[in-house]
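Below are two complexes that have chain A in common, paired first with chain B and then with chain C.
Presenting the complex of A and B:
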């Protein structure tokens, strides 16, 4: 599955540009070879249809064109011209002589300017595609007319949306959803990273403006005196990678071992045992993680037990603990190890499920012949089971690594409000030693309104994930060949 | 010979004991959750594993809301959000999966390639930007915003369902087409009825998303009033430092009550997921 999903990421980029090229050349041909009505369609989008007596379509296209023009004049022109500066008029209270009241002036809202300009760009891009597509369609109609073929009536056109154009009916809404809730936000994030949008520059009361690569510079150590972002960034990034590595591999190996253990012929009642393990992941994470965090809290039950059996005293004697309790989740080092251990608890049953599914399809004849040849169990594991698992779940392993880089839940639910950093430099940039890039970014936006840095961090996270994925997949597999399975 | 047999028996016992020990470790926190929920003491029990006194009083309190805890309300809120999300997400996923799997059209490959690239962006990141957008339209602290966040981009998660549709025999669709069946009818009357496992899987997994989610709910409903929270946010707020001593046991009760239906759905989904993957493979 994952194989198809990301296998062709490199080919995807290439394929995308190729089809764009094809579309452009179609458009060129249509425009150059079309008759006067096709050319007229470039100005009046309904022209070509009207000439071929598709009046309903002509009306629709004209209305669409009018709508885009109206949108441009009434809406877009308020924002797009200010896109270069992101607004110049700050909000002020002015006394209105007519109403005898203090009112706000006609101020600029930088964020609205940025967002709605972006919105206009997307609409215009869509309109441009429709406009080009329209010319191609009209040219096709012209050729059909010349060849004396039947031209669809409006009713037939409508009918085609449940026939050969059914994909348009199916895809319009989902694609719209993805555009609005994934595509535009990502663009917005990229733009915000190049501004100084933060608590001191919060619309509507203040303006923000373009600052170029300043935010990235301060992440990478050019920040000057006031910020310590580069210091925190290196540490948070380091822990993010360490965490992602351990979280992925411990649960992956553990999951395979557990599933081998459960599916062994020696196991009695395997379904019962499997159910017990699955219960752990069936409980929502916000319940189980919040619970575990209190289980291991400074005054919690585990600490009481450790104190009673003398473990706390022992650890204090050898110098691992300096407090009267064991700081499982509240001191650096301890918290890092505990988080990885707790993640093992949460992650292994999940990996066990996946591994069980894959191992069911393990070629049984290979195992059998290995056993006949006298291979030891660990030899079978190392030479047959693991290579097979790696072959099948390799792509999923890469996806898991990326997911762990962004594993917000585990870190946030375990440490937020429990772990307080004592490192002043980290605290200055609102980071903690146990933060991942995403939890740091979340805190920066939610509690400190530091959108500019959060966006810059977000872009860095994307680059790390994308480069890692592309690199790993390019080495592991080629393009997904979905047609082979049909 | 006899020695070998007893050797084998002890190996089997050792094997099962090992699994038992592991299962025991894995279940400790869950057992603690259930036990604590029956405690008569409202705060966290820090001295013993099992409560000193057992009682049902906190389950009763759970159904008598006060200013902090309004569990029945939260449960209803989450349920409503989950229902809307299920309808929208499921239809988006099925529509995209069907279009990319069964239909052939020029934009198919480019669109799928776009999806690959967009999927490289971690959802978490785009959601921070979605938050900006929702704030501009005043949709934060509203269910509409949350539902949109859960289901708006659902189309991107079409790959599992597509994998299933890929295994539906093409000959069936071809035959229907030759008999003059429209594409829409093939979709509704041939492929959809054959795809029960993957439909159930999609429905349950999109229904579970709002119940399991914490981040987006916190981001979008954070500033709202208690009565509007979802279960996740409500339970999280109960563990605030100032509240934990009087609400910890109620938190456990809420946790148990939420986990029971979710676990059941999770187990059903499990089964259908495996069926959706393997059942499809046999058919193809």
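Presenting the complex of A and C:
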């Protein structure tokens, strides 16, 4: 089993390199064996098409080539040459009394340089692939021409994009979107982690520069930062994982139990109850969480009630509480438990909805035969319902875990402004016991402009999520486990 | 952005060549002004008056909403895109100057002459503390607009007498006797510094942006930090004391459990409603340090109007900022918004002295300190206050208190990255 899994991963990686290798060798063959027009295509991308009378394509490729060259000269050359230093010219300003205007020198902005250089690299990488693909294509045309085969007209080519090449038409926009809105920002995040972009080096007034692995060293206790940064990091990471585990499984199990309860034939008015639970989803979390935060604050309504019924006094007497209120959301331990409980309240309805859908598709014959064989309800739950649920919702469970690692809303809305840490070592690194990596990261950037450390933490979060997801997906849905349920 | 700037420079150069006129009248001057949401109507009126001052010049002035308390966060996100003129709270000035988001006004003396003033006139017109707070490295970086960003004591005079509110000891004793509580925020360096400042301790900002702090030593007045903390523990451990979470004060005033509370002018309405006829306000009480009564200090906070360092029409922007903060504008801010003026003349007017909250703030101003701290100050100092609020420090554990103070100072003075 383990070998097989390893084999799968290796095969996937191997397959990727194989296809890259295939592409490169195709290109090599095409370039070497192609005629003069194929070779000319390396300089003028429309050459090969023009020779095979595909004039529209020739024009398009030429225009594309011109656009890339224009982009390079007009735009990229402003930034890319400075990529190595991230800029050297600091801002200078002179006030001109005649015009009442400030006049600025042509100063560098490290952030723009970094961002637009990365953008240029992406464009160039895409252009390179298109250029190579172009040579392969015109070589194919050359061979078709030599063999006397029919060469598509432009109209026929266009037509193919809604016929056999329809997938390309469909995927173009999403791929572009992912590149611009996801891929470039992630690249940026990764690169910022290797710079000193922080409050002392904030563009446009100051420049930042490359610093190598310094930020990662200090994250893991290599010094350079506050002495407590790695101390705080370990604790925040610990709570992040504990939280993600409990938040995922409590709502998962709770959701299944609740939907079983609602689906049970003994439950009256199941629709009414279901609607009631869904209302918690309908109210935006910003509203409900802030309200709940106020309910449970030190001077909130829950505390008033607890004080009035004597619960606070009782807890003080047995030594659980040292303050005149119950620190529901303001002391470690208390806050940790409360946050998980409140998350159950807002998380279960989602899981209930999913579970209801899955339960309705439970193979009825299996349940029936189990019942005929005399299985008890608990046995049916443990042997049929749960395995089936786990199989169907496994991927969703993994996604939930990853989502919970980055569950900003619940933690931030419940604790910001209410929770003040009493751990001085944490405070000295701007962290709290209830912080997830993502909320800590948020405050580091928002309040302290510490972009470099936030990026380093972001990369760590990304690695944790990626490793976990790969591992869990492989385990849960790899290797033909589907057959168990066919 | 770059293109815009180059264009602006060329345009500027072209105008210089085409006419030697003092100001080119044909060009429309575009400016953006950011102010608090509740000030929008007034700002609109002031902008119209400003335009009327310079009838030869056409303006296009846009007014946007940005609270003084969050101005820094928004501006530093993209300085180049931020407003030309904006209002902000005085504690943000170091970060803003550091990020180049504020113009050094010392370079704009000549511009102010168009408004018939010099920079020294501006400095002289406003109370000394506000000018001090707006000055970084000897240069003025913003125009003081209000001096109401400080705190003092609201109390219910039907429960507490004037003698009661003179010291924390008598205040807490009287409150306990009445079955009420006295509220203050401890878990914030803005509030809890008042005890240390009162005993003569200080904060300062170093050249490299780090914060200097002497709270773990001995103050010039001869008190040790440990003594001050013991005084704070004495207050916080009283059953009549309520440690209020930062930002929860208004709620707690409305809660009805309090007979006195440390807060600022923004809670005047809430306090008036809660205390009714007993509504009163005064300076902060004294507290016990090493057996002596020491006047509790406070942080003197101001509201400023500054000009963006990346503003192209910076000359007109400076004039607009000055106009919004001049004597007559501050008078309007007081009349319409009950905003405590920083202008000495407006401050001295009868109407201002008749305002209970503002006059209490005036009494406390004598003990107010301009808080010069960097970003690293806030989390450790909030945690330190919370330690006291939750009773985690014991008054007879000198070593423990000293250790906590040392950790606090270590965190606050840590290098800025």
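What we mean here is this: the second predicted complex is superposed on the first by the 421 of 486 C-alpha atoms of A that agree within 3 Å, B and C clash if a C-alpha of one lies under 4 Å from a C-alpha of the other, contacts with A are read in each partner's own complex, and residues count from 1 in each chain.
Note that in this section contacts are C-beta pairs under 8 Å (C-beta built on N, C-alpha and C of every residue); 3 or more make two chains touch, one makes a residue touch a chain.
Bear in mind that the values here come from a model prediction, so they are computed numbers and not experimental data.
Contacts of A:198 after superposition on the shared chain: chain C is touched, whereas chain B is not. By the touch criterion defined above, A:96 lies against chain C but remains apart from chain B after alignment on the C-alpha atoms of chain A. Of the two partner chains, chain B and chain C are each touched by A:446. Looking at the shared chain after the overlay, A:263 reaches neither chain B nor chain C.
In the superposition on chain A, contact of A:422 is made with chain C only, not with chain B. Look at A:299: by the touch rule set out above, it reaches both chain B and chain C. In the overlay built on the shared chain, the residue A:62 is in contact with neither chain B nor chain C.
When chain B and chain C are set side by side, the one touching more residues of chain A is B. In the overlay built on the shared chain, the residue A:230 is in contact with neither chain B nor chain C. Of the two partner chains, chain B is the only one that A:279 touches; chain C does not reach it. Note: residues 112, 294, 297, 299, 417, 446 of chain A belong to the chain B contact set and to the chain C contact set alike, using the contact criterion stated above.
Touching chain C in their complex are the following residues of chain A: 78, 91, 93, 95-104, 106, 109, 112, 196, 198-200, 202, 204-206, 224-228, 294, 297-299, 322-324, 327, 330-331, 417-418, 420-428, 430, 446-450, 452-453. Considering their complex, residues 1-2, 5-6, 8-9, 12, 15-16, 20, 22-24, 29, 73, 76, 79-80, 95, 98-101, 107-108, 110-111, 187, 209, 239, 242, 244-248, 251-252, 255, 309-316, 375-376, 378-380, 382-387, 390-392, 404, 407-408, 410-411, 414-417 of chain C touch chain A.
Chain A meets chain B in the complex at residues 1, 4-6, 8-9, 11-13, 15-16, 19-20, 111-112, 115, 162-164, 166-167, 169-171, 173-175, 177-178, 180-186, 188-189, 192, 258, 261-262, 264, 266-268, 273, 275-288, 290-292, 294-295, 297, 299-301, 303-305, 345, 349, 353, 357, 402, 405-406, 408-409, 412-413, 417, 438, 441-442, 445-446, 451, 454-455, 458, 461-462, 465-466, 469, 482, 485-486.
Contact residues on chain B toward chain A in their complex (touch as defined above): 11-12, 15-16, 18-19, 22-23, 26-27, 29-30, 32-33, 44-49, 92, 95-96, 98-99, 103, 105-133, 136, 148-149, 151-156, 159-160, 163, 166-167, 170, 182-185, 187, 211-212, 214-215, 219, 222, 232, 235-236, 239-241, 244, 248, 251-252, 255, 258-259, 262-263, 266-267, 270, 274, 277, 284.
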